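You will see subunit A twice below: alongside subunit B first, and alongside subunit C after that.
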Partner chain A sequence: MEVSVSMDPLFLAWSCCRRRQLQRSADICSKILSESPFDQESGGAQVSEAAWSLKTRALTEMVFVDEVEVDQEGIAEMMLDESSIAQVARPGTSLRLLGTSQGGAPTPAVRPMTQSGRPVTGFVRPSTLTGRPETMEQAIRTPRTASSARPGTSASGRLVRLGTASMLTHPDGPFINLSRINLAKYAKRPNMAKTLFEYIFLHENDVKNALELAAVATEHAQFRDWWWKVQLGKCYYRLGLLREAEKQFRSALAQQEFVDSYLYLAKVYQRLDQPITALNVFKQGLDHFPTEVTLLTGIARIHEEMNNVISATEYYREVLKQDNTHVEAIACIGSNHFYTDQPEIALRFYRRLLQMGVFNCQLYNNLGLCCFYAQQYDMTLSSFERALALASSDEEQADVWYNLGHVAVGIGDLTLAYQCFKLALAFNNNHGEAYNNLAVLELRKGRIEQAKAFLQTAAALSPHMYEPHFNFATLSEKVGDLQSSFTAAQRSEDAFPEHVDTQQILKNLRLHFATL
Partner chain B sequence: MSSVSQELKDTSVASSKWLDAHYDPVANLYTFSSCIALSDLHGDGENKLVVGDLGTGVCHMKLKVYRGTGLLSESTLLDLPTGLVSFLMDLHEPRTPAIAVASGPFIYVYKNLRPYFKFTLPSLEVNPLELDVWSQAREDMIDPMTLKEMLEGLRDKAEIPLSVRSLRFLMLEPQEMESFVHLYKEQPIRRQTVITCIGTLKKNMADDDAVSCLVIGTENGDVYILDPEAFTILYKMSLPSTATLMDVTGQFDVEFRITVACRNGNIYILRRDSPKPKYCIELSSHPVGLVRMGKNVVVGCTDETLHGYTQKGKKLWTAYLPAPVTTMALMDLPTRGFQAVLVGLANCEVHMYRDKNLISTIKTPDVVTSICFGRYGREDGTLIMTTKGGGLIVKILKRTAVFDDRDSAPGPPIAQSIRLNVPKKTKLYVDQTLRERENAVAMHRAFQMDLSRLRLAAARAYVKALESSLAPMSASLTEPLKMNAVVQGLGPSFKLTLNIQNTAASRPVMNLAISFLYDESLYSMRTAFFKIPLLVPGLNYPIDTFVECLSDKGISDIIKVFVLREGKSAPLLTAHINMPVSEGLALN
Partner chain C sequence: MPEVKSMFREVLPKQGQLSMEDVPAMVLCKPKLLPLKSVTLEKLEKMQQDAQEIIKQQELALKEQQQTEKAE
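On to the complex of A and B.
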């Protein structure tokens, strides 16, 4: 470890911290602290205090995750929710009620659904993945990986993987031993208490101690420091005490208008399944901070989750007016254009993302699809090729092969399509859509048993899809198994009530059953 | 809850033609329109409601009488009632009507709510061969298995159907046959039919208080007319099928007409002086309700339609209903010269039709299973309905109610005037098509070249997947298998379920084994290798095993599952299981 001699080590550490050379900064601070331990009453107390504080900051920064964005409802919160009173909420008042489209949005026949039963969005964020499983069986089924809609418990989940370092053991013990620390002593020194709190909350992920510190500190500040109230709210939120969190955030907002506080408060309301109140909070925030991008994004997200795609797009446009490099807004508007039959405009948006330096498999995949449907055939396959080259996981590979299968179906090359769908399944065994499409191809080949088996698997893998049920209904009707056809058609109707072809099958079958 | 009651109130205000007299959702009354009647049982000028309650269908069959909103009396019935009518049997004063309840092969006649007479249907001719067989059994000349074979032969060939006892015997398990034969062989064999529907027919006068005969339809397709006093059979007619619904009009001594809907989906019209049906209406689906309105017959069918026919069987009209019909009844208000058909629907509505026109709709809180309209208490226009959930609804027609007979012939459908939301083609699109037009050849070439490369890449990847059997379905023609794996649990213990299916058309697959490949420092498995039983085609075989996660670091890995053929090292198929993070240890 080389340390420049000419510069004051503390200043150097501070400078490193600002330049985000966090490890180096922490190392320098450790060195300062080892030279003059800060517990001792000596002349260098000020310096060692500063070094200690800086080190906590550096360590925290290393694992910092924006608390506003981290949201994962744990399995316990979902399944053992005591406060779910209205099982059937009115349309447009709940995030949990699926399929309450408020007009204008494309139907599932055009825009596919995610596993949680919402139209796919253009941007993956934690809340787009959390669906409310109907049964415990569904809740505990795999895969509960980052790309799925299955909830983890809040004890592990993303909070552990992203936000903390405490899981990995340090060779020479932790920097701060929380069990031995005197929280009351630190609480009296606000400047140190704040860094210590963030260290405990983010680095150690020890919400109980963080809450204790925050409680003592806010008492010490005579309940006049809004910052501590926000932190208290965060702790309560993590612990699932939503009403207490709401109280703290409201109190903090009464003292000091702050964008973060609005975001946290809206988050509480979203967790309480009160999207309308959350929207109101955002709008109050916009009164004080007009054209604030994060608030606008929040509104757009809520609209999107409530299947109100048109309003969501409006707000995303508003976001883009303020910040024309907002990746989420561009991606969402792009996907919306794609699914409303304007792939050429979607292509523009995705190209914009490419120009901004977003360079990943998903983007090339989308570009390829847009090119294909906008009839720019020369760029289609090369985009997919790049997407394949960039794919970092098996799931991504599977998705690219699946889309290539669609292209192959589009150009009528069914052999290629068959290979592509099979490859998609080889890379991702749980690809329900690929199973469904493969079944249709098998059916065209006349292999009814295979087709049936694939459709059943598809239906079991992705209960949110109506296609396997509908295909099964058509297949069974063709081979004369009307009873199976009827039950499958009814399931298809449950998944997508407005589907005209399903209705037609049901009508035919009912007529068939009624006639003598 | 507040919104629900609000809604109910709104509809009741809107259809203000009816007064809500009484609604008891827990009246515990399960019945159909054929088992419900209004009658002045005591001759005091006040009509009571008489209901043959089906109870649970097995027990608690009751004959219930309601006066006003309360239950007046209740007496137990021995068997399920199939029909209930009230009729005047004699000219004695006071003129109190009797109640006839049909159940099984009997008609129980009640007078003053006391059992008065029991009529039994004449027994039918027994197949002599069957008699012979049973007499052999009685003398222990044949064992039960031979008896069974002989009866089965008789059942398939003989013209006269088997008796109930033989049919019951044929249903039994082999070990129960012996005791059954032993128990019943001494008793004489009889063949009895059962009553399926019942109606009344005035004897010789058209007055309201004239003496009526009973008309019954039976399971073996006969229609009997019974004398009201002596309960002898006055007249017998036969139908090609079993009667299910019946409507009778006219007088026995003058001229009458019996309209019968049968189980074969036909409606037959019987007249005096002809033991065979005079006219026949062939329906396109099964009838659910039959009502005569003046000289026309209105039939509700299972295909959600309502048809009107003349009494000579000519079709007049068809109305399409929004839901399946549950029951039908006639609404007759002679004081106002008003007649309509009430149709109970499965979507909790009762529709009122005059000819093909829908003139009114009543919303009900539950699906209505029986409807009866008439004089109840001292009120002429009373509508009584019972619901699927056992509720009782009584509504009174307002004296000011007017039903206007509007023609519901539809105009052009509404959808015709809705504009489709077709997105406009953008300028960008036009520009792109221009580019396409100008560079068509270059684009085509580029695409074709890319396509060839893609085909090659796909084929390579496919061959690789096939060679190492990466796919979760097997490509071989001899063992077409499919597998998908499901992991359940929060950890550290997980349950792995492998769903294996043989997708061949008819060939079973055997001699298969499963093995797992996993990181042994992360996971442990109780059995990492086991054999699969013989796989019958088309069935899904779920195979369970347990995995223990050994790490507490919150990391996860992939477990590979191979399905192997015995004696071969290359797997038939492979499944990759993305294990979830074990959360059991992370909680501490």
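On to the complex of A and C.
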């Protein structure tokens, strides 16, 4: 039916690939190849060669992800870090230290934290999921909750699992048998080697073979092809050989100025925990490519991760001047306005996203919250209803119910609030914030034991939040359990040193203990 | 009722110090804006989900096959 018109099958496959009907393209290529097999050793006719190359391209495109964005640091890389030179970095030079907020960023009293203990941002990328725990114990304990699962090493992470899955789908084995392939032969033919490399790197996730191919190919090109150098750098980065990766990217940059190379180089420095150097790399890139959006975004991200929200916002604004449909910039500026007490302006940013066609649970949830705090009550509940309808996972569902609970607290309907927080817990039993808020509501009803239990659960689930510790300290002080009050207050102080009420409790308790 | 009103008259001091005790109250956790997901992250998650679905289906098929073999 499909190929009833006698079109050249190779042309059809190529056209399908261009129209992103990748599976169909790959199928047609397989058919061509089964009719006239492409012999890997002798090199067959040109048609089958082209079909082979096209099939690798189609299969690669199916699983293509932007390598600049992908970054998942495993526990092993984080804890067994060879590149650090000091136990504790100087303030303002490291991404690992949360540090005190620079330049009037909102404190934890207004801006909540993510599971990994970083202030929430308006946008989440594969690399933002990872915060940096300080001890091995914490590192192993954190992943227990579903939303912050972390692989043992980056080599066992998401990408490898995808790689094995892609092989499973073929009942008669993988398309290219990597162990039997003669890499040196392909390396001599640049037009085929490049597609083959991307296939090995992205589809099979076999970094070692990819590295070998790239090494042979760059040698064959007499080290004059910057593309191979960038690929070599990517392989080294994946293998964790960061200094080698740095060398390759620098060498590629010396040969050919290219935005991607700057981005990769900065990524290496971020992994090495040298944000200042990464910033310099971005700025060098900006000298050659003024007002390049990806470079500006990179700078803004680093500022944001270093908790310097004001300059991050400045750079995001710069991004928006160049590209006024940049989702990340709009979302980050919007969330920043929300947490600096300007929900009306945040609402305008989120509405802009809606106009641009972003249509998902998170956006409607944010719109609902902004509407409520900007006193646009007519839109609040309908936004939340849509958010609930669009939620794709239990965690999202839980977060929406949690925020609805806040709306209920705001209008004084405590029964509804209680139910909302309970629902949040039903969807995600690891929701520390919901436990804490439930405890506060329980205490209002006078059920002290229940409140205590909830607070302890909240503190165990998310030790980075100061609220459960502080609440526990207050509660224990009231019932006269001064020792546990003191320890809880100390934990609260660790989580949020500038909190005045915690300081007050600690002061009172110290005074009390001194008089005993 | 007018007698009651005259009995309790409100007192509004026009001068002097006003003092207020600051009682530490319980704090609620703050409302959470959900971060939007980047395209890459969405794609990764979708691919992972699809892959898991496929594996599940294959395992189911394998189980059924084994059961039919046993039955035979």
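Just so it is clear, the second predicted complex is superposed on the first by the 482 of 516 C-alpha atoms of A that agree within 3 Å, B and C clash if a C-alpha of one lies under 4 Å from a C-alpha of the other, contacts with A are read in each partner's own complex, and residues count from 1 in each chain.
We adopt the following convention: a residue touches a chain if its C-beta (ideal position, glycine included) is under 8 Å from a C-beta of that chain, and two chains touch if they have at least 3 such contacts.
Since the model is a prediction, treat every value here as computed from it, not as a measurement.
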Looking at the overlay, what does A:Q504 touch: subunit B (first), subunit C (second), both, or neither? second
After lining up the shared chain so the two structures overlap, which partner does A:I345 touch, if you call subunit B first and subunit C second: first, second, both or neither? first
Applying the touch criterion given at the start, work out whether A:P290 contacts subunit B, subunit C, both or neither, answering first, second, both or neither. neither
Could you look at A:L461 and tell me whether it touches subunit B, subunit C, both or neither (first, second, both, neither)? first
In the superposed arrangement, does A:P112 touch subunit B (first), subunit C (second), both or neither? second
Show me the subunit A residues, by the header's touch rule, that subunit B contacts in one structure and subunit C contacts in the other. 161, 168
Touch list for subunit B against partner subunit A, complex: 264-265, 283-286, 301-304, 423, 426, 428-429, 432-433, 435-436, 439, 442-444, 446-447, 450-451, 453-455, 457-459, 461-462, 465, 470-473, 480, 482, 484-490, 499, 501, 503-505, 537-538, 540, 553-554, 556, 575-583, 586-587
Residue numbers on subunit A that touch subunit B, as the complex places them: 75, 137, 140-145, 150, 152-153, 155-156, 160-161, 167-168, 340-342, 344-345, 348, 374-378, 380-382, 384-385, 388, 394, 401, 404, 411, 413, 416, 419-420, 422-423, 425-426, 429-430, 449-450, 452-454, 456-457, 460-461, 510-511, 514-516
Would you mind writing out the residues of subunit C in touch with subunit A in their complex? 22, 24-38, 40-41, 43-44, 47-48, 51-52, 54-55, 58
Provide the residue numbers of subunit A that touch subunit C in the complex, in ascending order. 63, 65-66, 69-70, 109-112, 120-126, 128, 158, 161-162, 165-166, 168-169, 327-328, 331, 335, 338-339, 353, 358, 360-363, 365-366, 369, 373, 396, 399-400, 402-403, 406, 409, 432-434, 436-437, 439-440, 443, 465, 467, 470-471, 474-475, 501, 504-505
